[in-house]
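Take this structure, written in structure tokens, and hold onto it; I'll ask about it next.
For clarity, chains are labelled A, B, C and D in written order, and residue numbers in each chain start from 1.
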Amino acid sequence: MTQNTKAFDHWIRTDFVAINTQLETLYFEHHSDRAQVEGIGDDLKQQLLNDGRTLLASLLAEGNTDEGFDAGFDLLGNIGFYMAACRRHELTEPSRETKSPLVEASALALQVGASIGMIPRFSTAHLTTHNQAINGRAKSFTHLPDEAIFNEFNTRSILAYQEASTALIKVVDVGISSPVAIDLLHTAGVALKKVFDSNQQLNDQLDVDRFFYSVRPYYKSHRVGNNIYRGANAGDFAGINIIDLLLGLCRADESYYSQLLVDKMLYMMPDDQAALRNAMRLPNLLDALLSSPDGNWKAAAATALLKVCRAHGATAEQHHNLLVERFIRVPSQQLAAQHHQNLTASGPPLPVLLAALEKLRDLRCASPRHDIVTAAAKMDQVKELLR
Amino acid sequence: MTQNTKAFDHWIRTDFVAINTQLETLYFEHHSDRAQVEGIGDDLKQQLLNDGRTLLASLLAEGNTDEGFDAGFDLLGNIGFYMAACRRHELTEPSRETKSPLVEASALALQVGASIGMIPRFSTAHLTTHNQAINGRAKSFTHLPDEAIFNEFNTRSILAYQEASTALIKVVDVGISSPVAIDLLHTAGVALKKVFDSNQQLNDQLDVDRFFYSVRPYYKSHRVGNNIYRGANAGDFAGINIIDLLLGLCRADESYYSQLLVDKMLYMMPDDQAALRNAMRLPNLLDALLSSPDGNWKAAAATALLKVCRAHGATAEQHHNLLVERFIRVPSQQLAAQHHQNLTASGPPLPVLLAALEKLRDLRCASPRHDIVTAAAKMDQVKELLR
Amino acid sequence: MTQNTKAFDHWIRTDFVAINTQLETLYFEHHSDRAQVEGIGDDLKQQLLNDGRTLLASLLAEGNTDEGFDAGFDLLGNIGFYMAACRRHELTEPSRETKSPLVEASALALQVGASIGMIPRFSTAHLTTHNQAINGRAKSFTHLPDEAIFNEFNTRSILAYQEASTALIKVVDVGISSPVAIDLLHTAGVALKKVFDSNQQLNDQLDVDRFFYSVRPYYKSHRVGNNIYRGANAGDFAGINIIDLLLGLCRADESYYSQLLVDKMLYMMPDDQAALRNAMRLPNLLDALLSSPDGNWKAAAATALLKVCRAHGATAEQHHNLLVERFIRVPSQQLAAQHHQNLTASGPPLPVLLAALEKLRDLRCASPRHDIVTAAAKMDQVKELLR
Amino acid sequence: MTQNTKAFDHWIRTDFVAINTQLETLYFEHHSDRAQVEGIGDDLKQQLLNDGRTLLASLLAEGNTDEGFDAGFDLLGNIGFYMAACRRHELTEPSRETKSPLVEASALALQVGASIGMIPRFSTAHLTTHNQAINGRAKSFTHLPDEAIFNEFNTRSILAYQEASTALIKVVDVGISSPVAIDLLHTAGVALKKVFDSNQQLNDQLDVDRFFYSVRPYYKSHRVGNNIYRGANAGDFAGINIIDLLLGLCRADESYYSQLLVDKMLYMMPDDQAALRNAMRLPNLLDALLSSPDGNWKAAAATALLKVCRAHGATAEQHHNLLVERFIRVPSQQLAAQHHQNLTASGPPLPVLLAALEKLRDLRCASPRHDIVTAAAKMDQVKELLR
């Protein structure tokens, strides 16, 4: 790390967090309308804007100091934290501008993003699986315990999904009829149970209002250079889609789902991009099971595969029916009318988003639907094997 | 290649070309308004639409038949040719739809694009450097000689730019003060001269109207799935930008230029993406020369570097002042008013595009400008060395 | 798969196994000297030799049919199975030849090996993690249950080591002081316990004589083309070394250990090679823990790390003191004198090999030694933290 | 670069060169037997040994300071220069030791080599295409002009071979029947002519005795850790073999040639390894031409391809009949008997080496031979096309 990179990282881990925390406290105290940002804490906002700009200007002046992927990724995260906070405090607002007013930040973010092969903003991995703690503290926007809770349980769920996807890829390597496939499917199932438990704990510990008013706003869409980039979300990692594909619950040649993969590709780390690409070309286990000739091994494999599918479906249902419902849909209804546009500014309108998530839930649960093809029929065939 | 892939490739190389050629003839005969598409050759259009759809449906039914990058890239090109022709004949039109009506084509294109790491449409490489000829015939939309001329000379220019960029990367590997650097700079200069000559021949042989009315329309923006993807252009390869960067004429941490790199990244082949990313982290030769202590080698290196910069500037000037001017700006002015929107539907409005290309030209020529920083001052320092 | 590749694969999965099994039965019945191969079952041996050669000649004639890494890897395994069986039955013998008499097999193996970046013989992954079962049967040399037991439990142990190494890499990504590090260390510990249990089951179920006389001989060194390649062994995967390195028990800049890494590099799959290379540049967790300032998190992290180190040490001790001892050292002592050379022909002399494995065990157990530096002293420092 | 890396690099570029030069002067003055090393300049040798060791010990103590591939590659070169000089001055000698006495150097070289995926010694690229000059001076062992001449013209030839191979790969991308194939074949031919001219200049300018007695000895085989690694030679780059393969003159599934590819693989840079692997799976142009249906394009393509083949053959003939003959075979004959073993210690005995090089020449010239299959017959078919 160069001196300038270090100074910026130090700021992001100290003053930056302090300022955001103070601002969140002010907003949240404003009981009549907690979503109100304008006109509150203007000095703090200016300090944030200017301190960041000064540090970034030094970095930019220093020029290219190539130190490998890890350093680039880390720097991109720090720039991204700054840009996301500016957007959260409405120092920038994509619908009001045609180009980010954060000129230095945009220039650096575009360069670093392009050079490491990711979108030019912070991504989920910066907050979770690649959020490097120093002496016990991970990076964060604020000191609010709710943010820490959100990030920690997100991380645990992502890691557990990755454990499951890693195991399933290894099943493909040995074939569904291999004696060790059963062990691997068991490993995948255990990992998905971990996801479920972690999500449940997140639900139990996270305060709805604090999340909705003080954490979520840092994940809004914003511009970098000319373009708007949607916010990071906890789903921006390959593992869950690899599970979808390898279990045969979702199909890469189905237009809705492949669109989704395309849209999230550059929000993932390069290794994750490669892993997802690889999984797109692999045969799925469901079809492999159903198309195999009968044999002694088959009932056990079917049972094991079914169990993994159910565990995956259960996390999807929990995500949609519990987490999205409680932490997004319900509080959104209570939002003062003037902020609605702002809410939807972070992507598609809420009803559209919810319908899309529902579709995904039903695919993962292999629930029968009239409008799209799910794996419901194939699941029935598997159950048939177990008669 | 599977049977279905082969059948589709055969169609793209035969009937598809024949239909497009017939349609172009009809449009072009319509002297009063050659840009008029609606209501002309409707049977041919329907045949194109349906024949393609049938072939694609078989392909989609066949499912995933992973045969490596080359096969995927090739297939994507074929799907892309079909989608681009549909758009050219206004069977689809992005401003009129919210999602491509070519459902099967979109599904396959999204899958294949995502799995090889490129945008889900045909790209320049499909037309030029990776356009696999069979028995003397490269792929094309039409049998028009003008299309062949355009593609062939584009290919020659791209290949020559790549020769130059390859040589410059090798200069970085040995250092600007190495005795072999001079040879490599010479190689780069010779290659850029080839670009100039090829562009000149293109200018001499290409018919303005035929290009404008019968070739260019195949390169319009269109939707794949939900999103609009801009058309391919002869610039979608890494070489020219690697030259820009290594010569120190453009900077990856300058916001306008890095935006441009980001925007074109996924239009390039994965190897090209990697090469461009690599070049973004390399030191540039201009700064390397200027910051070196004096030595015997320096005057010769400065002379050689200057020569390459001038050769590069010359091709940029020629592209803008000759090719863009003659083949785009002038004929656009004569376009009937009702097609103007259609023209700009393929990207930003023409004046905006022209201003952007002008900026690029001035950067490459190291011309002094008031609004942006070019390498003009540094070039003067180099000339100083030669006093 | 081409027709010829399929035919060869079919043969390897059927007749080839049958012939080897018959030969093993003959050898094993020869109670006075089970290591005697010469003069037994000569017809069967010739059939094996010739049938394989014929199939390979067709493959070679067919020429290059590039179908991606997976196909190449699989083909290499099949050729390797054939060559290893020829060597086991002493149809070839490296000390008697200067170049493999299996000309076609060598030619193909060298080509495929070079083109996928691995040594030109079958490797451990072909027998274990990438041994694709068809209808319940993995590939094997014989139908002997002991071979199946050996491969299955090897696979389980390898997979569990990989689980542990994957978790440790993720600890590096978040830092040892991260709240989720504890979870990941726990995952690693659980995985290492799986290794221990799997090894124990292997010990319980594997017959010493059958392993020693009928399975192990297929893993001997042999020539491919001009060079001798040592046999595959269950350690030819990156996971265990990644654990060694990340726990700080072994060091990549220590000459004995880096030699070991170099020697096994090309016996691993390309992804594993890359993973190991990556781990060589990562900081280790032991040093990271010891060099961090004090904090609330530290005692818990120290406890968790210590637990993982102990679990890793336990598997190393078990491998050396139980498995190597019972299945190699003891039976070797009983081997008729005339086969001793043959035994050692498969690599370094046994005592040298055993001493090397002992060193490795002591490094992994962080046992104090006089001749080499182990992590014993650092482990004491960690324990100090827990007072 | 860390302080220690910089200090070592500085030493390699200054004192190290000075000491070697002094030693070469002493050896060369010893007219009666210029190959005599023992007993000459012992103080200088000890200084070299010790100064290097001290610098390397600091480096080793500093520990892992991952700074990306380029830094690792560069460091490996510097360690390799030191080890090669020690071997040249017979401070180490592989046949007298079982393990390199340069313990620190070996440890570091093994680590760095393994971590970047190359053999743990300096390789040709360190001397030529990636020999980074500082202020006009490339790295070298001595200040002798002959060494500079040798390296510079080697570099030029390698670069020109690479130009040719790059062009041929692009021919494969467009197909031999593409209109631009002719241009690319022309480019390849021009590049091969450059090789010929550069080799000729090398022959004209290089002093036989100086090369034989004062330059060549630095390229001898030596141990790193336990293993002996053969010396670098000007052929350790992928380009020439890619040309062999794509022209159809050599075949990757022919055992002699694939053995050669395997043996040199890790002596090349990772990018070169990947390029060679890729070329191994590509169809060759000769077969592509001969198997195409007739067409207008065919005579021109045949003429162009033939020309490239001839140009390639010409450089091979020149290498063998001129360079190897004059600079190796003839002077070897005059070598005092006691050094003969030493000569062959650097690899296979001279006659074996010469026979191998002759074979290679004949393959490249497509000369008919009785013992091996060359492309002679196919070349005749091509000529037939031109009747």
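Note that a contact is a pair of C-beta atoms (placed from the backbone, for glycine too) under 8 Å apart; a residue touches a chain by one contact, two chains touch by 3 or more.
Note that the structure is predicted; figures quoted are calculated from it, not measured.
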Legend entry - Starting at subunit B, fewest touch steps before arriving at subunit C: 1
Inset, instruction - Could you work out which chain's C-alpha centre is the most distant one from the centre of subunit A? - result: D
Inset, instruction - Looking only at C-beta pairs in contact, point me to the busier pair out of A-B and A-D. - result: A-B
Legend entry - Between subunit A and subunit C, centroid-to-centroid distance (C-alpha), Å: 37
Legend entry - Distance between chain centroids, defined by C-alpha means - subunit A, subunit B (Å): 34
Inset, instruction - Would you kindly tell me how far, in whole Å, the mean C-alpha position of subunit D lies from that of subunit A? - result: 49
Inset, instruction - Identify all positions of subunit A at which a residue touches two or more other chains, and write them in rising order. - result: 66
Inset, instruction - Indicate which of the five shapes (line, ring, star, complete, other) describes how the chains touch one another. - result: complete
Legend entry - In the complex with subunit C, residue positions of subunit B that touch it: 66-68
Legend entry - Of all residues in subunit D, those that touch subunit B in their complex: 129-138, 148, 152, 155-156, 159, 163, 166, 170, 173-175, 177-181, 183-184, 187, 292-293, 295-298
Legend entry - Residue numbers on subunit D that touch subunit C, as the complex places them: 60, 63-64, 66, 103, 106-108, 110-111, 113-117, 120, 225-227, 252-255, 258-259, 261-262, 265, 273, 276-277, 280-283
